[in-house]
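The structures considered in this document are given below.
You will see chain A twice below: alongside chain B first, and alongside chain C after that.
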Partner chain A sequence: MTTAPTSRPPATRPAERDGFPRTLHAEWTKFRTVRGWVLATAGALLVTIVVGLLGTAAPAPGGRGAHSAAYPKGPGGEAVNDSFYFVHRTLTGDGTLTVALQSLTGTADTDTGTDTDTGTGTGTGRTARSAQPWAKAGIIVKEGLTQGSPYAAVMATGGHGVRMQYNYTHDTAGPLSKAAPEYPRQLRLVRSGDSLTGYTSTDGSHWTKAGHAKLPGLARTVQAGLFATSPEAKQNTATGTGFSPAVATGTFGRPALTGNWSQSAWRGTQVSGDAGTSGSYTNTTKGDFTPTSGGGYTVTGAGDIAPVVGGPVMGAGFTVENFLVGTFAGLIVLAAVSTVFITGEYRHGLLRTTMTATPLRGRVLGAKALVAGGIASVTGLIAAAITLALGEHSTRGRGFRILPVTSATEARVMAGTGLLCAAAAVLALAVGTLLRRSGTAITLVIASIVLPFLLATSGVLPPGVSQWLLRVTPAAGFAVQQTLPQYAQVLSVYEPSTGYYPLAPWAGLAVLGGYAAIAFGLAVVRLRRRDV
Partner chain B sequence: MSHESTKATIEVIGLRKRFGPQPALDGMTFTVRPGRVTGFVGPNGAGKSTTMRVILGLDTAEEGKALVGGVPYRTLRRPLRHLGALLDASALQPSRTARHHLLWLAHSQGLPARRVDEVIEQAGLGTAARRRAGGFSLGMRQRLGIAAALLGDPPVVMLDEPFNGLDPDGIVWMRGLLAELARQGRAVLVSSHLMSELEDTADHLVVIGHGRVIADTSVSQLLAEASGGRVTLRTSAPARAAQVLHGAGAITVATGPDTLTITGLPDAETVALLARNGVPFSQVSTHRATLEEAYLELTRDTVQYRGIPAPEATR
Partner chain C sequence: MNPLGSTRLADTANGAWHVTFTHTLHAEWTKLRTAGDTGRLLLLTITLTVAVGCGTAKAVKCPDTGCGQDPVKLALTGITVGQAVIAVLAVLAISNEYGTGMIRTTLTAVPNRLTVLAAKATVLTTVVLASGTAAVLASLLAGRCVLPGNGFTAAHGYAPLTLADGPTLRAAAGSVLYLALIALLALGTATAVRDAASAIATVLGLLYLFPILTQVVNNPHWQHRLQQISPMTAGLAVQATVHLRERPIGPWAGLGVLATWAATALMTGSLLLHARDT
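Up next, the complex of A and B:
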């Protein structure tokens, strides 16, 4: 709380420090004894729930992944895509696989008439071109063929050089990652217990470490081999960002093995059975592998081994924050009630009575802020908890997937929704104190919190403007509801319109909290200085 | 019930305050003492409400100070236990019941809900206490305001225009209540712009105009001074009588076709003088001023300037 300087001499400052609970009790009694305010608060709760449920009341999805009950989860509990073409054998215990990657190429569908920068149109709308930036081919060691199982891989990518990746969320750039890909490129993955180390070389004799992974509890018997996969091609067009099917093809030399490998032949498996939410095969391609004349293999695959992110690549599913879309509606009601909590006293001349009962004006405003903020906070928290429970149950029943979050994240979203409402309520109270008129104060608060939020997230503004709004206006506070992850190694549309805020959850809330604190401080100063 | 006399006082010392260029309080100084009802009178705009707001710490004065029981109001821990005030009976949240209005006030002072029921009874609110205050008549609001003022059982009670909106029964009740509060040893300050309302109520009067105290006196003294030895003469020859009386140094004012009001000459001497000079007269009487007249006399100067916008923020 801002301790504002006061124009009053110290002699009129109180010695008493224990009176705040009385003032708080009085303000709480004031609030609960006006039926309209209590009903409005209940209405805020209801409207948050109803708008949230209506906003996620889409009919059963027909798109890809509609049949899946849930996203596969990685070892960290996050939703993952685990779709790639895997040429594998069983490795028991420690071992090494070394192979030359002779080329990484790709094929992508492009919309007819799309102005693509490379390739030659074939008239069918398909363009053969270089691999997608995050197309991958290389060596992978994976605990099993089930989606989401632990893995480590060293790979070449279409546009980001050699990488060492493991357990979906970890991505390390290897040496020369900035340089143009040179082929053939030698790759090596060494397994030693739960420790995996990737190497790369351009000549087969000088090896450079690409990265290291520790996979605690990795099973002794694992599947290991070659893989190729490609996420969809992201295309920026005049009308927006589109994604279209793409595949990657890795041409490998003869794999060299050390350690205890199964004696069976290499087997090919499309892990996950399809290309997941962020990848898809083109009409004429499918995952496959073929031996080459030199004892090597050509592996073609689509999909991605990466966390699920928001935007078009998320597929048919909901995020936790989708259910809380009604928060803005509840917020309008709570802000209005909080404003009237003080402007009503101005209007009816009651503030004089209040100040007569409690001459410490800062204390009165503090008690009011605690009451209004506390009520808003509890309302937001309960609304979030109910909406999440109802919404998740309802959408799962209709065949939607819900992007899983940790219970800590879910708790943060619910508590954050409460704090979001609380900060908005305190801001509304402070603005009401400064302006003294309900109408203008409520309008200002809604225009500063809800309007930027709606403009920014609806996609009607350019992304840059939306992000700016969500940085500098009180609407930044809505970031606290965001659960969508963002990863550099996954291409998507990371914009407010797809649920991505420019600020981290607590940072965004801090912006709103800052506005509330400054407004509250000004309100205390003004209230102390002014005759009432 | 008795209250320490030091606690039961309001001291207003040299208050000055301006609203724009217009002085609202211009050296206001007076003391409200325990055990009596002090009437606080003056024309609208004289500074009554402003003075009361300064006493309550709602407005700040540029100079001077106001003390309640010897200390500034703002330093009081539970102020309603020291001073009960009724400033504006309409200052209510309309949708809150009277009882709930008193309840939050009680909570702010750490008083139990039982005390609320006591003052509801004392103010004669009865069953209306459970109704929304927005539907109250002005008289009921005044009673609610009185209940709020008495909530903390304060040694000092300060009421701004408490007779406003009261029906005749209510006025009688209010007078009885004020007298009772004074009898209990409390200091009671009651403002009014109508002296007649205070005629049978106040023991002491502070008359103000233009933000200053014009008179700070007991009611009986004020009446005596206001009468000022004036004599009313009824005569069929007013011009002749005036001439004779002027000769004796008296001042006369024609207050009717056959009536003169004489100042500066006692009634006995007037009779002797007129008789000596053979002026006919039918009646000589000593003028008995009413409180209202005394007040009008005192405030005549201040009322003359009523054309200037009244500085006091009246409701």
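Up next, the complex of A and C:
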């Protein structure tokens, strides 16, 4: 290192052409030949898998086979709740159903065990008499009575006006989306081939389009009729969010039919047999329908026709990210190895040799980052793939449901876990270079990644603060593992404590990547400026 | 300070051991005092603990009676962060000696290895107790100033934080002891594995992984059991002042769990230190 700065460029220029691969090879050899590091990397792989499997190893609360083995799947492959009280007849071919919805009311058990009742306006008794915001009553055309079959429905809701919904995930606000209900309210659903159109009217003569749905491949013969359903009542109390049983009751006028309808009487069915994961009947009310004096019907039901989301309304089940809880353990080990990858050179004085062999310090650090990041990403990727395969198999065998995800999402989670490990490894390497002490560097990296996550998800902090923690700290990177979906038309607790990150998967990873990049840049600058 | 083992035994028999231990204590104190990082790390512990505790107290609101919040636990949230710094301090107290080769000099001067470890543990505990007390008192003081502004008022059933209150005093003293036990746990682990990086990773993994795992476990019974054996969750039970019955483990029993972890680590460390070559 005694070469004068002026003479360095000519000396290094010829070496630059094949320099980087050679440096990379040197760093790879250094890593590969230290037995402790190789063992630690294997340990990281193992600990990720073992912790993930142990974390999800508990037996199902009701024992083997207590729950149905899987969530019903909608046409898009997503897990759905398909539970409602259905008063139906068979419709063959095209047709129209028109009905007046005279009222939509609801009953909810607001007695959740706490003596404070801030969730509803009534507050005095044990039950509230208004429909839940997403309680639904209206007309539905559905391919069959099996859960998850395609459907389209036009409905009134408790707090979100008239909606047109179809195939579980699609929700369109009707023309009068204001929460002020004007009853009676006319609803009409027109089926023409695979296209369904919903209309609404307040006077029965002026119709406004509420929405349109195209259900490709809809069977010629479908079930159509009136329905009512209500998800559980969500109550925000000072101690947290509670959910309690709720039912909805729709009072319909006489249905007017055109088209080829079966001649049998209207039949009532609780689709799915129960109220699903997000609904439940109260002790006193069951799903039912009764004819009214004017030729109409009163329909009472609980449940929801909507995708399954996370939080308390998910029921007993696992998500893909649950299996990857071991990533934290693996990350700690990988961060330690990556830190020692550079601090070890400082400690043993090897860095002087390294820098003599490759005087371009940025190149050395770049090669180190590539080796540490590459090894970490491969470790994370393999660990995620193995854990997911083993975990899903074993939990399903024990009677748990697993929230299904598309292969693209699963691939994103696996690749994301690899990149998460890589970013953490590069961050650890950079911090190790800056601090030159393994102990402090590792603590800084682990604490900055794991601690904010722990504080944000433990439920101590209010949701707003937790979300900011997961936006601005390196812990944001774990967002790449989130597979839980969020829908505006399903009420749940969408907070870090229930597995919801404030940032989109790749945006969250980008935050961690940004920290790693900044630390790496600082490390290169520092390494260039100071003596070895 | 006789370097020869045979004379050391004789010394021990006639009571000179006490002198040796005092000397060792003094030597360890000098080492800890003059190591560049110690002061900074202790200051960092206090700063982080108070800052995080203050931030948490500022963030959590109590809108009405029965909000179920535990003001003492809130004010002392910073301990979860401060313990990481304490763990580093404790690990470095022994790993630095292995890293620099100083341990050979130390063990030549005081050949009884357990004496060295005992002296290290004593000095470290004293230092951590002192700075822990400062951190806890400052956190409580900050909480006392901040919390009433967030609705933790007498009208909502909360008296201002004061050490005259039995549970608060227990939480405060328990938190200081918690930090000391974390230091001993880290010291024992570092003595066992020698390398600073592995020791830190092990200790932080042990502390932080349990709570994360608890969130995923779906079975209430398993969850309960995990909370009872987790060094961090069980140990921090000593901070609870409300809803004590609903906690998975009692305050002192929880601290006892952490003490068991620390004792196991120290025991393993001293056995290995005694048995192996430096």
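Following the convention adopted for this analysis, the second predicted complex is superposed on the first by the 495 of 532 C-alpha atoms of A that agree within 3 Å, B and C clash if a C-alpha of one lies under 4 Å from a C-alpha of the other, contacts with A are read in each partner's own complex, and residues count from 1 in each chain.
We take it that contacts are C-beta pairs under 8 Å (C-beta built on N, C-alpha and C of every residue); 3 or more make two chains touch, one makes a residue touch a chain.
Not measured: the values here are computed from a predicted model.
Visitor: Clash or fit: chain B and chain C on chain A?
Guide: Aligned through their shared chain, the two binders fit side by side on chain A.
Visitor: Once the structures are superposed on A, label A:54 by its partner contacts, choosing first (chain B), second (chain C), both or neither.
Guide: So A:54 only meets chain C here.
Visitor: Tell me which partner A:450 touches in the superposition: chain B (first), chain C (second), both or neither.
Guide: second
Visitor: If you count the residues of chain A that each partner touches, which comes out higher, chain B or chain C?
Guide: Comparing chain B with chain C, the partner touching more chain A residues is C.
Visitor: Pick one for A:358: touches chain B only (first), chain C only (second), both, or neither.
Guide: first
Visitor: So in the superposed three-chain picture, is A:461 touching just chain B, just chain C, both, or none of them (first/second/both/neither)?
Guide: A:461: touches chain C, not chain B.
Visitor: Per the contact definition in the header, classify A:300: touching chain B only (first), chain C only (second), both, or neither.
Guide: neither
Visitor: Looking at the overlay, what does A:30 touch: chain B (first), chain C (second), both, or neither?
Guide: In the superposed model, A:30 contacts chain B only, not chain C.
Visitor: Touch test for A:22: chain B only (first), chain C only (second), both, or neither?
Guide: After superposing on A, A:22 lies in contact with chain B but is clear of chain C.
Visitor: Put chain A at the vertex: what angle do the Cα centres of chain B and chain C make there, to the nearest 10 degrees?
Guide: After superposition on chain A, the angle is 50 degrees.
Visitor: Between chain B and chain C, whom does A:96 touch in the aligned arrangement: first, second, both, or neither?
Guide: After superposition on chain A, A:96 lies in contact with neither partner.
Visitor: Look at the superposition and give the distance in whole angstrom between the closest pair of CA atoms, one from chain B and one from chain C.
Guide: Across the overlay, chain B reaches chain C at a minimum of 11 Å between C-alpha atoms.
Visitor: Find the residues of chain A that appear in the contact set with chain B and again in the contact set with chain C.
Guide: None.
Visitor: Touching residues of chain C toward chain A in the complex: what are they?
Guide: Those residues of chain C that touch chain A are 37, 56, 59-68, 74, 77, 80-81, 84-85, 87-88, 91-92, 95, 99, 195-201, 204-205, 208-209, 211-213, 215-222.
Visitor: Once bound in the complex, which stretches of chain A touch chain C?
Guide: Contact set of chain A toward chain C: 40, 51, 54-56, 58-61, 114-116, 118, 238-239, 316, 318, 322, 325, 328-329, 332-333, 335-337, 339-340, 343, 347, 400, 437-440, 442-443, 446-447, 450-451, 453-455, 457-458, 460-462, 465.
Visitor: How about chain A: which of its residues touch chain B in the complex?
Guide: Going by the criterion above, the answer is residues 8, 11-12, 14-16, 19, 22-23, 25-27, 29-30, 33-36, 344-345, 348-350, 352-353, 355-360, 531-532.
Visitor: Considering only the defined contacts, which chain B positions touch chain A in the complex?
Guide: That would be residues 53, 56-60, 72-80, 85, 87-88, 90-97, 100-101, 103-105, 107-110, 148, 315 of chain B.
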